[in-house]
Amino acid sequence: MKPTNWQLNLASWIYLGLIYIFLMLPIFALVLFSFEDSRFPKLPWTGWTLNWYSELFANDQLRLALTNSLIVSPIAATIATMLGFLAAYALDRFEFPGKKLLSVTLIVPILIPPLILGVGFLGLLSRLNLQGQLYSIILTHVVILIPSAIALIALRLQQMPKDLEAAAWNLGATPWQSLYRVVLPWSIPGIIGAWLLAFTFSFDEFVIAWFVSGFSPTLPVSIYTMMSSSLNPSLNAIGTIIFLASVIILLGVELLLVPIFSNRQTKPVDS
Amino acid sequence: MTKELALTRILPRWNPTSLLKIACLTPVVLYDGIFFLLPLIFLIWIGFWTTENYRAVPGFSLENYLDIFSQLFNKSRYAYAIAQSIWVASTTTVLALILCYPFAMSLTFVVPERYQRTALLFAIAPFWTSYILRLYAWQTIINPNGLLNSLLLQLGWIQSPIPILYTQWGTRIGLLHYLAPIMILILYVMLSSSDRSLLVAARNLGATYWQTFWRVLLPLSKPGLIYSATFGLIISLGDVLSGVILGGGTGQSILGKVPLFSTVILNEYAASTNLPRTSALATILILLMVAILVISSRFAESKE
Amino acid sequence: MQLTELPTHTAAIAPDPSHDLELCQVTKKFGSQTVLNNINLSIAAGEFVAIMGPSGCGKTTLLRVIAGLESMSAGKIYLDSQNIARLPVHRRNTPMVWQNYALFPHLTVQQNIAFGLTLSSHQKAIVREKVYQIAAMLHLENFLDRRISQLSGGQKQRVAIARALVTEPKILLLDEPMSALDPHLRIRMQGELKRLQQALGITFIYVTHNQNEAFSMADRIVVMNRGNIEQVGSPSEIYNRPASHFVAEFVGYNNLLDGKVVQINSQTMTIQCSQTVAVVQKPDRAYSIGEQVTVVIPADRMFVSSDSASENSIKAVLRGQEFMGSQILYVLETEEGCEIKMIRQETLNTSQSIPVNSELHLAWSSEDAIVLGEPITHH
């Protein structure tokens, strides 16, 4: 339903443009200034350089932090996705007392501010002497990754034709076999999407990691330390790289989630 | 056919599916129980401990809360911090709604349908880049020597740099940039699934665009607006990074140079002299959020 | 379920008399609603049984109860003299051909068909051979590597049938499998399905709301209505000798006239209806004078008569007609507003058009009418 009033249309497009500028501005700044030859990003333009990128690759601390992040995030995403798949399946398929309570409890971690979670996690982990290691971050990240994994996989499960699992049982598959051989293949787009989403959340997560990581910082924590110590234009370079990586991941998610959001089902059309 | 489909979900009692059900649910329940509920409950419990000689002593006492509340009414820094947080969160949320709602409307009604998903993706893209680095970028943009100020100075629109960094306006910009993609998504989804025929009918009956908006579209959007507002409030209250990086820790606002409550908690925790009291503060924050959730769900229900 | 040798499916196999399906007092309630009410049914091995009825009559629920997809509130099910009511779905070996086929989208045709066999360990070579055999029987040899999304409706249906048959079950359940096919394809598949069933010699239980399918394929038909079995019998029995009001109204085109028995002779019985007197041949059970009965006259047994005899005839006014291919259905109304149907073999070319609202004398012969007692109410 397009407004036929051309002034309204024009105003809408202008408004869209302005907001897009607002949304893209910091990213644009990051990319732009990562190439500027000046310690202080500013205009007018002072010259092009790739120094900040080479400084970045020489920075041992950042490299270590990046490695840590690349260990923590995939593992946390994998654990969260596996737990999330089982939970999403159980919530979709079964009825049981307390189901509503359970659903709420599983979603809640995403609503609690990471600040509070960070304090809480550290409190528990330090009692058990489990803090300060990479696995501490993995353990705590999984908690906040599970809700979105469940949500995404549940979305995909809801699209499964109801007869499909029943047909598997009917042909002799036990509930386990049917889960493994029919439901799981069907859910793969949702699982991959959930994993990518979880990976991105974990990779970017700062607050909890800051509390829990101690001397094994992840990338956001290292970046924060860099930021607070000095004005370092290498950060622009890292921002650009992360942005590009996110775009690639985003494209991956988009290609996989297209079947989900366009609601394409594989049931034959009744003629 | 729907009844029969529903019947499929409830299997005969003798199927060996209860084992499967337990196997699927146990991992999550165990995991969340140990790594989520336990720390949370532990945190709340610590709030009831006491301190002696700078060491935390387990116990059950309301000492911390009494301490905090008595200070609250003495115009303590806690009171100011809570007020500042509520003030910044509310203004940010309102601002975000004012900015995102027309955007979502334009996206739904003006952008041609086949481009809508791409347009939405571009709007959500910021969400996929590092929050912390976005804040750093904003820092370079809004600081007195930064992009914005040098641009405005060069254009001659201002005479001296506007202080945005290290005020709560800086915080708001950071928060807005964080909230906008998700609010746009929520509002877009609600708007695009709303009943267009109602809008067409209103126009058909002679309503102007403004009337159609005010009297048909806006009431239809209430649930989406309430969800977005709740989301905005909760995230803003709990956020720590914008307040520190762009707000400078004690950003200037109408209420004065007061830090946000979340920043206070963070600092107190870093100083770690009185863990029980810090935990009590954190619990208060949780209660504040629960209150917001309850109020907003009342709002949502009353609209039905 | 180990396969040790390759069975031959080409020769007709005599049904094993020990392979029975028996339903005893099967009842299913859903809340306060009774979906299946005290169903008793015996099916011999190798029979092609069609379960027919309007939507909501419980026929699909009955099928699902047999398969174990729905629970029963009461009753027993015996397959091979074994009570399978306690068996879970995957142990019943009652494979089903689903209305929407429910083919697995992530598997090829060959993998779909082989599914049932791949669940337990079998030699790969034997599995492959079995799949080829079944595929050949259903003319799917050239489609084995296709993905499901590349198949037409008819091909999907055959894959669904092959998939269900590969485990050599004794009984096959079919839930309206033709409903998604084009009409001409449907008729061809009916023939093929019947031939398949006879070649395999296994029991087919076929649920449909399409009467033509039931009549052309089934050895026996079960007519259901609102959770009850109305009548079980051969197609000709059901068609010519409906046993209840519902069946008389549901199957074919019949006219039902209510009346009271006024005279009983050795060979005939006379019934006084409000607009006519019907004389019927000796009915199969004893009636008493004054009993309320219904006379059932098939529409294709009505004809226009010139003489206005009072017996076995009725006056009615033509209200409309419907073209049915080689026949025309006439709908008439009596003085008292009762609807009468008449079917005549004629085409649009040969018909002498009877003007609407003209009054006709219709008659039938006493052999063609049957008598039904009071309608039974089911508890």
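Side notes on the structure shown:
We call the chains A, B and C, going by the order they appear; numbering starts again at 1 in every chain.
In this text, contacts are C-beta pairs under 8 Å (C-beta built on N, C-alpha and C of every residue); 3 or more make two chains touch, one makes a residue touch a chain.
Because the structure is predicted, anything quoted here is derived from the model rather than measured.
Put simply, the chain nearest the middle, going by average C-alpha positions, is A.
The greatest centre-to-centre distance from chain C, using averaged C-alpha positions, is reached by B. Inter-chain spacing, taken between the CA centroids of chain B and chain C, is 61 Å.
Per-chain Cα centroids separate chain A from chain C by 55 Å.
For the pair chain A and chain B, the distance between mean C-alpha positions equals 17 Å.
Across the assembly, chain C contributes 69, 88-89 as residues in contact with two or more other chains.
The residues of chain A that reach two or more other chains are 166, 174-175, listed in rising order. Each of residues 8, 15-16 in chain B touches at least two other chains.
Considering their complex, residues 161, 163-164, 166-175, 177-178, 182, 185-186, 266-271 of chain A touch chain C.
Contact residues on chain A toward chain B in their complex (touch as defined above): 1-3, 5, 8-9, 12-13, 15-16, 19-20, 22-27, 29-30, 33, 40-44, 82-84, 86-87, 89-90, 93-96, 102, 105-106, 108-109, 111-117, 119-121, 123-125, 127, 139-140, 142-143, 146, 162, 166, 174-176, 179, 200, 203-204, 206-207, 220, 223-224, 227, 235-236, 238-239, 242-243, 246-247, 249-250, 254, 261. Here chain B touches chain A in the complex through residues 5, 8-10, 15-17, 20-21, 23-25, 27-29, 31-32, 35-40, 42-43, 46, 99, 102-103, 105-107, 109-111, 117, 119, 121-123, 125-126, 128-134, 136-138, 140-141, 145-147, 150-151, 154, 177, 180-181, 196, 199-200, 209, 234-235, 237-241, 245, 262, 265-266, 269, 278-279, 282, 285-286, 289, 293, going by the rule given at the top.
Residues 1, 67, 69, 88-91, 93-96, 98, 100-102, 104-106, 115-116, 119-120, 148-149, 151, 153, 156, 163-164, 167, 179-182 of chain C are the ones that touch chain A when the two sit in their complex.
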